[in-house]
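Before any comments, here is the structure.
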């Protein structure tokens, strides 16, 4: 089920093939997951997405596992089943164990709950939460 | 702006007052933010929310700052302005500096973008992402 | 703050004025809230929305208060602050008291929470939930 | 398809088994649906979710069927297919017939539509919807 | 998988059969997709949905292909897999080629990303974006 | 109200100042809206967002006004008030008149409504909507 075909390696444009080679090199596996095979119909967006994803998810002020868990949290709130599955797999590969997974889900559930309560209560942000020039 | 009044300390039921005392003790400040003042109309939900929040956000397999950032990510995806403001404030209080904040937002933005691309492409999760009994 | 002006009665087209008259008659008040004043720039959508809203919210197999509470629940999940405020007001006018309001919010919060947990767990609907021809 | 395995009864921890026993007793059936089998990897969240769900969905100022319909409405707006299926099943079991189901969906659809219109029009909540101290 | 059965032509009420005849005439095909077969349990909502959809999607100030792409964009943001599939099919039938599809998805992804960034930054709309009476 | 300060021109880093110069040149105005002033705390994301936005929104297989309307549609579904205001302004600047705005909102509202109905009905995409290799 998809709105476009999943391109095989043989069907890739040269530009897309180049991105696939980078994905394989970065991940150390021949396997390229179906999101990229669907996105490859548009080599420009494939390139832009891969380049930006690589930059954003690289180690920095936050470690890669924290970034994966944040990615998974956003994907959950947006109801993206594919993203939930792919980023759970990625987070486990980066060290998320059962206890961490459980706590992550508990935080997501708690946030969803209070997001709903706050919205239904219609409360405006406290003045204390406002950032001022002197911060 | 709210759909209920924000209760003053004098207007709290004894059950709500007890929760407020716990919030103040846990946070080491007299200040109780407006979400709790709105929620206090329903002491049972106030109690359940505070108890569960305290348990979920406590140090565990994930550290409290990571939990705050995940909370902020979910609140962003759900479009809860109040929650975004309150949990940004909380995350800063727990050590999120400008660089971490910037990376967090970059990950959130990236996740939102690929959530949209994946959903529009209609791709089903790869078999490789499926968890099996032997995992 | 709005993306269009809020039309005064004097600025309404004849078609829009007719709808405003029906809103006033149905509600027994001269007051017409700002949503309709913004929507009045497009008399066809104003007419279609009012007609359908009147039909959908009328007493039927479900009573009007239940419908208002469902409307409020959907508006909360969608993060529509205006709708949350207008339908909380409407629900109170139809009899929602503090206890009912509190329970409604507790259910909304609970649903938000388990929506998040289920999505993050990636569980497919049980076969037992499937409707079959013989149902 | 799931991001964790679905635990069999034999795989449950003692804490999880105790919750399963309570689910079975409360529902009067041996059948425990897959959400709980996935959640059982984290006995603390399983316990907290079941306890709070039981309290929130119990008869009170709102009757259980109304609560199920509100739950279904939120789950629909959040796009949670599992929750839509499980709570439609539950609502039918509590008395939701075809006419009620049809009206419920009509209200959900109407709310979704006006949520979108209001958001696109950018209208701020009327002063008339504001709650004041004297309310 | 559905929460109601998909009605066959033989199971339709006379009112629903009339709508199905109009769908077939308007689309020039005998095929009626499953959404309508599920919705047909409630002939009043079936009728209202079809009538409004026909009016809204007709050629006007915007051409039908633009409308389909907007429909697809909204369906993507709401995470409605069925709608994404049906409106991608419809957009292709109305002339959306691979290049247009690619650009559409790139815009959707970009919007999702900046929606997230703006929400996390908590920025209020600029005064310059406000509509005034003199506009 | 924001979670970061809005940087003045004097507070910009050299990298951010360069992006601001490009925004001003591309738009032919000295005015830089507040989203960019908030984002400027993270010059890398500022640069990446501006570069990608410029590429995605440029004339191509779809014209810039269509792209603005799609952007507005996504922003509406995601409930981003800032984005709704900024992209309505932008769409008007690119030629969206009152009739087009009205039709755009009608399509958004219709899509929201059927997104809700389809999700609540739980219908799976028809086989007829599936893309196959031979497409």
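Assorted remarks:
The letters A, B, C, D, E and F name the chains in turn, as written, and every chain counts its residues from 1.
We take it that a residue touches a chain if its C-beta (ideal position, glycine included) is under 8 Å from a C-beta of that chain, and two chains touch if they have at least 3 such contacts.
Since the model is a prediction, treat every value here as computed from it, not as a measurement.
Listing every chain that touches chain C and chain D alike gives A, B, E, F. Distance from chain F peaks, on a Cα-centroid basis, for D. Seen as a C-alpha superposition, chain C sits on chain F after a turn of 120°, to the nearest 5. Distances between chain centres, each the mean of the C-alpha atoms, put C farthest from chain A. Here the CA centre of chain D is 26 Å from the CA centre of chain E. A straight line joining the Cα centres of chain A and chain F is 20 Å long.
For chain F, residues that reach two or more other chains under the stated contact definition are 1-4, 44-45, 48-49, 52, 74, 76-81, 84-85, 88, 102-106, 108-117, 119-122, 125, 130.
Chain contact topology: the protein chains form a complete graph, every chain touching every other one. On the side of chain C, the complex with chain F involves touching residues 1, 3-4, 41-42, 44-45, 48-49, 74, 78-80, 125. Contact residues of chain A toward chain C in the complex are 72, 76-77, 79, 81, 84-85, 88, 104-105, 108-117, 119-122.
Across the complex, chain F meets chain E through its residues 1-4, 6, 31, 33-35, 38-39, 45, 49, 52-53, 56-57, 60-62, 66-67, 69-71, 73-78, 80-83, 85-86, 88-89, 97, 99-100, 102-104, 106-115, 117-126, 128-130.
Of all the residues in chain C, the ones that touch chain E in their complex are 1-5, 44, 48, 52, 55, 125, 130-133, 135. Those residues of chain A that touch chain D in the complex are listed here as 79, 81, 84-85, 88-89, 98, 101-103, 105-106, 109, 116, 122.
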